Amino acid sequence: MAIKHNNGIILTTVEEVLSWGRRNSLWPASIGLACCAIEMMHTAASRFDTDRLGIIFRGSPRQSDVLIVAGTVVNKVAPMLKLIYDQMPDPKWVISMGGCSSVGGPFPTYATLQGVDRIIPVDVYVPGCPPTPQALLWGIMQLQRKIKEQKEGKVWEEIPVREVPTASQPLKKKSFFGF
Amino acid sequence: MQFSKNKNLWIDDKKIQILKEKYPSIYIEKFKNAVFLNIEKENLIDFLKFLKENLTFKMFIDFTCVDYPNHTPRFQGVYFLYSPEEKQRVGIKTWAENNTLPSIISLWKGAKWAEREAWDMFGIKFEGHENLVRMFLWEGYEYHPLRKDFPLEGIKNTYLPSLNLKPEENPAHNYSPYHTFVPSMEDLEKTQKARMPQKKAQVVLNWGPLHPGTHGTIWFLFDMEGEYVKECDIILGQLHRGVEKIAETRTYTQFIPYTDRMDYISALCSQIAYVNTVEHLLEVEPPEKAKWIRTMMCELQRINSHLLWLGTYALDLGALTIFLYTFREREKIMDIIEGISGIRLNSSYIRIGGVAKDLPEGALDVIKHFIKDFPSKLKEYETILTKNRVWLKRNINIGIINEEDVYQYGLTGVVARSAGVPYDIRMIQPTDAYDKVDFDIPLGKVGDCYDRYLIRMEEMKESLKIIAQCVEKLEQLKDSKYIATENPYVLPTLEETFFSIEAMVKDFNLRIYGEQAPEGEIYMSGENPRGELGFYIVSKGKGHPYRLRIRSGAFYNLQIFTELIKGRPIADAVALLGSLDPVVGETDR
Amino acid sequence: METLGAIVGITIKSLIFIVGMFLAAAYLTLVERKFAGHVQQRPGPLHVGPHGFLQPIADALKVLTKEDLVPDSADKFLFYLASLLAFVPAIMILAVVPFGEPFEIFGFTIYPYISDVNVGLLLALAFGSISLYGVIFAGWASNSKYPMIGGLRKAAVLIGYEVALGFAIAGPIMQAGTFSLKGIVDAQEGLWFIIPNILAFVVMIFAVLAETGRTPFDVQEAEAELVGGYVTEYSAMKFGLFPLAEWYIATFVLSAITVILFFGGWHPFPFMDGLPISSFVWFMIKLFMVFMFFLWVHWTLPRYRVDQITELAWKVMLPLALANIFIVAIWIMIFG
Amino acid sequence: MIKVRYVERPKLTNTEKIFFLDFLRGMKITLKNFFRRTITTKYPFEKLTPPKRFRGVHGHRIKNGKEPPSFKVLEKFMEIKDGESRCVACYMCQQACPVPELFKIEAVQLPNGRKKVIKFDMNLLNCMYCGLCTEACPVDCIIHTDIYEVAGYHRASGVAHLSDLTERAKDFDNRRYHEPDRIWIDDKERSKLWGQIKWS
């Protein structure tokens, strides 16, 4: 375990437990903007079932931890989305689902926001148009990994920026804590 | 009632003669799939009234504008009307002198939003419009984007870098820290104020735009007295991405993926409607097999779309489990579409002249398995819902639409059929293999939410029937061609490019210059699960359309919501919106 | 000395009840999620701990350490008070609900209830009604439109069903001749009260569904209309208390009262008297079955509109409850 | 033959009303489903194999002797070693793409007169995965692989470079090049949802 700042074992353990609680109970706000929202709904539905991982969709931003920006963010809705983000209590994270919300996607037009990270900070970018439910779940797991590594004292820039993911083999171990 | 494929759907010469006698100044433009009557601005209202009252063109289909920067006056308004009795369409064109046109709300209430849109996109004023505000963009936005002198990317005058990046960092070659102007909350409040200048009742409720119940990002304004809605307006444009503008800079093939992303729930239906329009413009005839594949995929997508509607509708009315049951079946259809085309949702599978790929091995087996299994699942949904007393209470006599509304607002699809109007493009103008399959068109008698529910349930069963016929036919057509590559407008397949230098050159030419369509205009539509999805293309002989107008079914269907909700509690808004079934991607484009 | 002993005993017992109820409520969320999952052909929480067993813990940790936002425009005092008012009375009902007959362990007689008051049932109803204020305060204090509508809706529903509920429980009381919940159970030695009181039972089911805000009566937080209803503006643990109180503790306690009133409390099922199962276990089995029944209804039906709910309460449920009193009166005249 | 008919509006009978049969029938369905097997793919531990036609992130096939005849024609102008990307810098993918700005292709003229691709960047965050580029490629170079797990923490992680593209295509071809063009592989995960399908 990489402890960068020496803040005592007890504090670290508490932090560790809290971080475990947070990453296993990520409640996204159920806000859908466009096509990706349909795939987000499919992720929550029976075939992929985010509830397995403790992820349940909440209607109100006040009770959610993750904002999954699912779909094209246009200029007109951008201030509203920022408001939703501001209404969320800390700690909070943002997953930018799909190309449109990440960089404007295939809509380099006058009306579209070229990347939601221009108004709110984004933690995980999930490419795809729209990403399949499995790709979104992978993105959520990347977020869980990020929460874990942040608690271990790494700043997010240190997490490797680019890997070349290739074959997608199922995970072997059944335990989820370590990931 | 059977219609042959070659029936001319446009106004006949007899009626044109009558019109010519009454209005000697009109000028007739005839194209293969469109007839336009040009009339001067002064006589427009009179002329439209005559068409509506004397020549039975009483159904409003669409209104849009075209920009000709080198012509004075610059803008041309185009109206489309339909005669339910004669099954004929007509287009009316008029030049907007001084950038103004008379408003036709007095004739058709459905023109209200279309005129707002024209104001928003082209900056044309309408005399006599009750509240001419921006349709998609916000009040205070300076430009009118669909004008030809406005760039597609907009005016990038704001420094708005990514918050995740260090100042000098450049993540990708097409990244720029400069951005178009993003409105502030004040701008949006101004937009809201413009919609509802004075409140009449107790409280104005902003329902949406980012609200779980609004099917995306529709922004409702309810002026409420307790739980009851007194006044209502809808602000659209929270998903306005400029698709019509994009179309003007892309070749006909390149635009296909964008049609998916308009109505993302029924991507294949939109593609088929678009590709059919382009094929009629280019006069390309797809091979037999492609037609049957298209019909089959279209109906699969229709089931898929209706299932999503059923799920979200039930979810909105509180039946949580139905939502997950319908998504279970949707997963199956998504699997089929993914296996055949490669992507689950926005498949971009249809190509000009056929389909992108042949059916893979085993596709028909899977579809057969699905149509055998699906009726039992449909039965389950019906058992839970159809006769449930709560369901009856929430649906019966809510949002009654009558025949007159259908014509006034240009309602199409299930919403029109619930009022007993047999308006189905599959019947009126059968494309692909629709003239060769047997199926019923269910109609409603009352026109309430319950009728719309029943009709959609019936349509799923009818779609299954069509799919079964397609599968049967496709099993015979196993080894025939799926794309008409011999046509000069059709892109060659990969195998042809690999083995023949001519195909490679043809491929290069079509990719670089696009399909150089002959000069002309066309309006054609397809029966989308949400209503009539029409494409009006103006071609100037280039590789990309001069103007592409998308007549969205959901856009016009949604318009009647503001009327129906008046005097009803807010809980009915959910039921009503669900039963109209709009998709924001299509209403906003 | 004896009073002191009694006080200490009651305090310990109360603590056990409260902590137990907290844990039970936390795990009832897991039960519900698992049940809902399987109804929808998915497994529900699965990977956090073995079969999702640690899921409530993770949720609790997360909710407790979340930033506690209070909206600027909210009425701060009422905003805090509301979450307590919703939660505390719900748990106070436990004071009068007996969970079984006294039993002996190591020579001590354990009473599986805190007190056997002779107006127990009335107290339970009274406590239940207080939580209504929690809901209304929550709606009002948030100073926002959705919570306001949600709170008022819930109030309208509660008022309607409290009346119907009051008349519905009159039948069993008439038969037992006492308000004491323990007394009512004792009176059902031979025949459960469901037999003549079937109408009251139907009213009771509907009333419990309405009071606990489950479909077909979950209008107060109809997500499609009102985002989160009266809890829209609440975050962190203040939010957590509402569903905990309403969906789990209240459902649990009202299920217990249903079992006591109509299913013979801790008496064994008919023809199963001989089984060596303690009264406490019998009671829990019945309680769990009733609880699951409510979940089952919740995950099947669509929801009514709020005016239809109140209409149902006043026009159908109230007359049914009155008719039940009439039937029971005749029953008592005939069979004594 | 297309027919028009009116839908029937069912009525609730009194028996159904009094005994709550409408509710009970619905609850029977949910109970039946309660005892059915779950259809869930437990994602990180079990994964659905995408069909062969799946359009995931792009890859560049390498020169390995399996090129189509068209490659032989165009190869003369190019400097491509074995194991390198087949790309002949014809820019057809960019031409076909609805969002051409996502490509950044650079080729240089070598002293021997041949061309070499030195840069092939694709900003996959702009990509629609519509497949038009792969249909345009005359040398079967650019393909869609079945890889979809590409979420990253940075905008830059969405940009695929030449090395990534060849890496991914190599991986994809190793696994699935010889697979027949079937709708999907009928494995355990599929049959969870579908049950037993009768294949012809």
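Letters are used for the chains, namely A, B, C and D, taken in the order the chains are written, and counting of residues starts over at 1 for each.
We adopt the following convention: a residue touches a chain if its C-beta (ideal position, glycine included) is under 8 Å from a C-beta of that chain, and two chains touch if they have at least 3 such contacts.
Model, not experiment: these values are computed from the prediction.
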Shared chain contacts [subunit C and subunit D, defined touch]: A, B
Joint neighbours of subunit C and subunit B, given as chain labels: A, D
Most distant chain from subunit B by Cα centroid: C
Highest-count interface - the chain pair sharing the most C-beta contacts: B-D
Inter-chain centre distance, subunit A versus subunit B - centres from mean C-alpha coordinates, in Å: 32
Between subunit C and subunit A, distance of the C-alpha-averaged centres to the nearest whole Å: 36
Whole-Å gap separating subunit B and subunit D, where each centre is the average of the chain's CA atoms: 27
Centre-to-centre distance between subunit D and subunit A (centres being mean Cα positions), rounded to whole Å: 22
Of all residues in subunit A, the ones touching two or more other chains: 30, 45-47, 49, 52, 59, 103, 106, 108, 115, 117, 129, 132, 176
Residues of subunit D touching at least two other chains: 23, 26, 29-30, 33, 38-40, 42, 50, 98, 101, 123, 125-126, 128-129, 154-156, 158, 193
Touching two or more other chains - residues of subunit B: 162, 164-165, 172, 175, 212, 257-258, 261, 321, 324-325, 328, 331, 346, 384-385, 388
Topology of the chain contact graph, where touching chains are joined (line, ring, star, complete, other): complete
Subunit D residues within the subunit A interface of the complex: 38-48, 50, 57, 98-99, 101, 123-129, 147-158, 163-164, 167-168, 171, 175, 193
In the complex, subunit C residues that touch subunit B: 36, 39-42, 145, 149, 153, 215-216, 218-219, 222-225, 227, 299-308
Complex contact set, residues of subunit C against subunit A: 33, 37, 40-48, 52, 54-55, 57-63, 65-69, 223, 227-228, 231-236, 239
Residues of subunit B defined as touching subunit C within the complex: 203, 205-206, 211-213, 227, 314-321, 324-325, 328, 384-385, 388, 390-391, 393-394, 569-574
Sites on subunit B touched by subunit D in the complex: 1-3, 162, 164-165, 171-175, 250, 253-258, 260-261, 321, 325, 328, 331-332, 335-336, 338-343, 346, 348, 356-357, 360-366, 368-369, 373, 380, 383-389, 392, 420, 422, 424, 426-427, 430, 434, 438-446, 450-451, 454-455, 458, 491, 493-494, 497-499, 501, 504, 507-508, 511-512
